[in-house]
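For clarity, chains are labelled A, B, C and D in written order, and residue numbers in each chain start from 1.
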Amino acid sequence: MDAIILQILNGLDKGSAYALIALGLTLIFGTLGVVNFAHGALFMIGAFCAVTLSRILTLSHVVVDSTKTDFLGRPLEVQVPYVYDIFGEATGAAVIDWAVPLSILFAIPVMLLVGVAMERGLIKYFYKRPHADQILVTFGLAIVLQEIIKYFYGANPIPTPAPAAFTGSFDFGAILGFDPNTIIYPYWRLVYFAFAAVIIGAVFAFLQFTTFGMVVRAGMADRETVGLLGINIDRRFTIMFGLAAAVAGLAGVMYTPINSPNYHMGMDFLVLSFVVVVVGGMGSLPGAVLAGFLLGVLESFASMREVIDLIPGINQVVIYLVAIVILLTRPRGLLGRKGVMED
Amino acid sequence: MFGLDKKDTMLLLLVAALTALAPFLLNPFPEGSALAQFNAGYPDLMQRFVIFGIFAIGFNILFGLTGYLSFGHAAFLGVGSYAAVWMFKLLSMNVLPAIVLAVVMSGLFALLIGYVSLRRSGIYFSILTLAFAQMMFALAYSVLTPITGGETGLQLALDDPRILDGGVETGGNIPVPGLFGMEMRDSVQLELGAWVFTFNFGYYFAAVVMLIAFYIAIRIFRSPFGMMLRAIKANQQRLNYTGLNTRPYTLAAFVISGMYAGLAGALMASMDPLAGAERMFWTASGEVVLMTILGGVGTLIGPILGAGAIKYMENIISKINSDILHNWFAFLPDGLEDLLVTLVYPFIGKGWHLTLGIIFMLVVIFLPGGLVEGGQRVARLFKSKKTDSSAAKPQTEPGE
Amino acid sequence: MSKTNLTRRGLLRSGAVAGAGVALPTIFTGSSVAAFTNEPTGSTVTLGFNVPQTGPYADEGADELRAYELAVEHLNGGGDGGMLNTFSSKALNGSGILGKKVQYVTGDTQTKSDAARASAKSMIEKDGAVMITGGSSSGVAVAVQALCQEAGVIFMAGLTHSNDTTGKDKRANGFRHFFNSYMSGAALAPILAKNYGTDRKAYHLTADYNWGYTTEEAIRNSTEAMGWETVAAVKTPLTQTDFSSYIAPVLQSGADVLVLNHYGGNMVNSLTNAVQFGLREKVVNGKNFEIVVPLYSRLMAKGAGANVKGIYGSTNWHWSLQDEGTKAFVKSFGTKYGFPPSQAAHTCYVQALLYADAVQRAGSFNPCAVVEALEGFEFDGMGNGKTLYRAEDHQCFKDVLVVRGKENPTSEFDLLEIVEITPVEQVTYDASIFGGQLGTCNPGA
Amino acid sequence: MKILEVKDVNKRFGGLKALSEVNLSVEENTVHAIIGPNGAGKSTLLNCLVGKLIPDTGSVMFNGQSVLGRAPHEINQMGISRVFQTPEIFGDLTVMENMMIPCFAKRDGAFELNAISSVQSQKDIIEHAEHVLDDMNMLDKRHMVASAMSRGDKRRLEIGMCLSQEPRLLLLDEPTAGMARADTNNTIDLLKEIKSKRDITIVIIEHDMHVVFSLAERITVLAQGTPLVEDTPENIKGHPKVREAYLGESSGH
């Protein structure tokens, strides 16, 4: 029982990451009709926003500590961050400690800019091209983006820890009346879950309750009609692309303490996020969220050793198996509309 | 000739001539010269050119004609390789049974996966094929290790049964794949002045297979079946209401292209008897898409060109290290040399993925018809300059 | 550093008919002329360095390449000579190998066995490399080793830790200096027992591929022999990035030790996740919960950041060793590149030197002569103390380091501290236990 | 003889009743028009005839055989050809190829793995296709890529493709929608000519009364998913219910 609760909890947490990434992907597809294979790269760039900010915060000057020596026996050069000089050592250390949450502020403008630049510079020329062309050009872009990141940051993962306040885990079991330590969950993952919920809620509220959102939703349903009404839908769509990029980027920023970011993390998530979007139904926002959580929970269950013992290898293939079954039984995904992406 | 019209016969003969003369054409620079780095006329790479050419030709029969974008075609290549290696292990080092079994096995897998995946179209089809291929990769890498060799790949061993070759003494070394006594690795060399050209038996064997595959592809392109496939891409609804059942057509195309992939896999295993699971990973499937697009989707020769271009980059450009760059620019003043090296270095050697990504984007943006379209444009430019006539006629004959 | 001038020296001469402008294409593989594949006939010899330059292990590959460049420099008499000064064999004298200047070509393995074989083949066929070395995974090592056996060149493995490389997949033309899973288990178990007690319940997470299997087996066998109990062993997919669903049930199982049989990106992520779950602050069965990482790498430890603190693992070599060989190597590497070498760099450097020395002693580049010179070769001064290249499986036997993540690192390189140097006797095993057949050396031609 | 008989067909989409108790019978070798205001269920009815939709209840018999549950290609093979509202042709293929495809479908059936012989060697198909193109006055355009033609030519090609199969029943879905008056008249002439040359039943769904009254021999008026009345054009023109329900509001056209 406790094992099952634990995996549901874990699945929801995993699912919140999937849902967040798939949300931006399906937003772009729903509004612009573009299949964006570079979406994973946006996620990755978001994560590197966090890396970059913590690099900036830890920009240092060298102080020689003659009491210690380095590996070649020379006096040790100690790096002292400039932040220490500005804020004093205690505050400076706190600022560095909170680099990841601070990166949210840094990442939003950067990602909006990246998104808008991408849409204006490349994507807008592909609205009328076949989906295959869109897939291919964004795939090319994804390769280019990740190679650029690799050029500057190397191939190894870069640790970007969460603030010290969030280390350790929360004991749910104790609350629910189970033995202590049976149902524990890391604080930062709970933060991630809450963060994802807030972002998802915000995107839905934005689309539901603002005029801008209404126009965009109308445009998702019928682009030409909205165009005929004399509304400049293109500009709004550009902004939507920026927004989707920002959502992906924030998902990336907050993910960095969970897995140390590396240049190919976008590609690692790409296939998965497409599976999520397709299972949810192309262009359906609630579908993407639902599918994200569903796949997260199923993946968690499949990784239980009791399940693996029963069906060897199930943890390797569960996501794909679910995708195949759903696509064959519900051709348009869980909540997809008819006729989308079938040409 | 060969039941082809004049133009196609010319194309076939051209490809035949190019493959036959490849050892010369790919080694244009004399040994020891600075540009020898760009020579590609060594057996392994030439074999790869034709083998991936076969893979791309087959993929193009599906994607180029019907427009169904499979993102899991590498799985069939993998199946072909595994089947071939198992034949080497169990039956004989002769490549023919290996190739036959590989084609049959990949055809069976394609039939099964195609039957399920083709129930959907568009991106749903792509995701289904991707899902199947990823499942095959994941299982081959892990729980199927006894069959596939897992991480280290399926390899030959000294104590393999090799039933048909039973009497042959191995002498402490594993025999290599061959064809009735000729080994795939046998080579002859020809030295002409400063040039050295290598003629490899394996390459010519693979080249002959590719020519046959290419010939069959031309026949398919020009057949009523090929026309139906193009009609599926053009307007599937119309085809249905014209009394044609599109499902068996697409399935047949899928199986045929899967068999091409299996054939390519078998040849890979014949040239180099090891089958690794990575060749089934989704990026490997993406690679054949890149090849086809780069060369020209739906054209006959495009996929071969695309396969050549990508394999060339992977094997030649990726080997240029900073040392070699410094050598090239050594004639420049030091500061300028360093600057140039700094500017160029991110794009070559270990940065070859970046160059690949950029070229690929440029092609998709500006040359949707790939290298073939590029060639046509250049040819048209020359034509109109020469004759100074009005604009060249738009190309109306498809499937060039 | 020597400037490489790429030619296909070896191959091109072999089929030549002297003086004639046109050769008669009558001979296959040039077998009647050359004695072995890529026999160097000019004033230089070409080595092939096959390392991951793209993909997740690119940084490790870059470090390997640095080590090779340094080795070439030292072989050709440049720099300060590095380990040549401390190496027990004095055959090498800084004039290249057998008087031929050493040149090298590089290839990108991409950490894929196919790509690795393609680049190795290209170096053999196009560039005339007479020896291939490098790599940073067992899959690649086994694949390239088999290729080199077939092609008739020597393969000096880089970083490869699976028992298979010199076990069931061993080849006569292949040699490994790096240690393996078995040795990790044998070295780690006593230390673990000493520090954590003999009454422990272990939970294994194992990468679901060959290397993971052999490592899990080795650690299980040796810890169970010490009295530990293995509660569960769960296999995790190679492509997994988030290990939370594998780590979450660990505490419920009643285990008090988590063993992460992961390497590279998997290791960084699973360790980070495990620490995140606060496992190390827990007390289970009245004991502190502990995490063990059987194969440590400093480059990877860097990716896991502060999470490695206090965690035990094993490693082939570490720059903070204080023997003469290590000091010489760290000095010349550090002077040249500004930071200390990784264990991958070390094993690659040593492999290059060992090959050169074997050729020098054998007086020939012929793979069979090299094999003979390396088999049963005993040496010292290369950073691991007295070392034996065992003839039966071409595996090096030397001391193994047990290390622990350092609590207060002074720099980004100073992440591990050596806990114990396990003597070679303790990690030696019978050559036959992993099966496989060496076969006979293949000189190609 | 009744070639097409629709009995008691009902079709709902969720809460919306698209067709209710539709009965329709078409006499062989006549031109039968189905008219009605937007949303009357004309297209739904048509889709039920060609296999795109399956009615919830009722039967659709063609030539004595039920078409229900059959796929579109099977229904076509039974002898029903369909022309779409916007011309559906193979845009990337040449006009000649467009014409050959239905000829293959007629000769070889729904599927034939004819992958080795060349298209050029199919003399009978070529001859037949050229003959139909000639009939349609399009022989000079045969090497054109179909998508490059004018809309009128595309319509002409589509009709020709259907005719090449020599169907017993030709379904036309608003064949003149969006056409200029001159093109509309050309289409009327073309259809008249087709009808005069061969035995064929034509069912036409149309908005344009000019077209309907120029061609139809019988007219069914559909309103809100139910047939209002079925009669000859003359009687329909004078029918008070029709004037009220349909013609009255469209008299401004």
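In this section, a residue touches a chain if its C-beta (ideal position, glycine included) is under 8 Å from a C-beta of that chain, and two chains touch if they have at least 3 such contacts.
A quick note: this is a predicted structure, and the numbers were derived from the prediction, not measured.
Of all chains, D has its CA centroid at the greatest distance from the CA centroid of subunit C.
The chain occupying the central position, as judged from C-alpha centroids, is B.
In this assembly, the C-alpha centroid of subunit B lies 46 Å from the C-alpha centroid of subunit D. Centroid to centroid, with C-alpha atoms defining each point, subunit A and subunit B lie 35 Å apart. Centres computed as Cα averages put subunit B at a distance of 33 Å from subunit C.
The centroid of the Cα atoms in subunit C and the matching centroid in subunit D are 73 Å apart. Listed for subunit A are residues 316, each touching two or more other chains. Those residues of subunit D in touch with two or more other chains do not exist in this structure. In subunit B, the positions touching at least two other chains are 138, 142-143, 353.
Under the touch rule stated earlier, the contacting chain pairs are A-B, A-C, B-C, B-D. Subunit D contributes residues 50, 71-74, 76-77, 81-82, 84, 88-94, 97, 100-102, 104-106, 108-122, 125, 143-145, 161, 165 to its touches with subunit B in the complex. Within the complex formed with subunit D, the subunit B residues making contact are 3-5, 219-220, 222-228, 230-231, 233-235, 237-246, 248-249, 252, 256, 394, 396-398. Residues 67, 69, 116, 119-124, 126-128, 130-132, 134-135, 138-139, 142-144, 282-283, 286, 289-290, 293, 346, 351, 353-354, 356-358, 360-361, 364-365, 368 of subunit B are the ones touching subunit A in the complex.
Residues 31-32, 36-37, 39, 42-45, 48, 138, 141-143, 145, 150-153, 155-159, 171-174, 176, 185-193, 196, 198-199, 201, 272, 274, 276, 278-279, 314-315, 318-319, 321, 323-324, 326-327, 349-350, 352-353 of subunit B are the ones that touch subunit C when the two sit in their complex.
Residues of subunit A that touch subunit B in their complex: 35, 122, 125, 129, 131-133, 135-137, 139-144, 147-148, 151, 267, 271, 274-275, 278, 282, 312-313, 316-317, 319-321, 323-324, 327-328, 331, 341-343.
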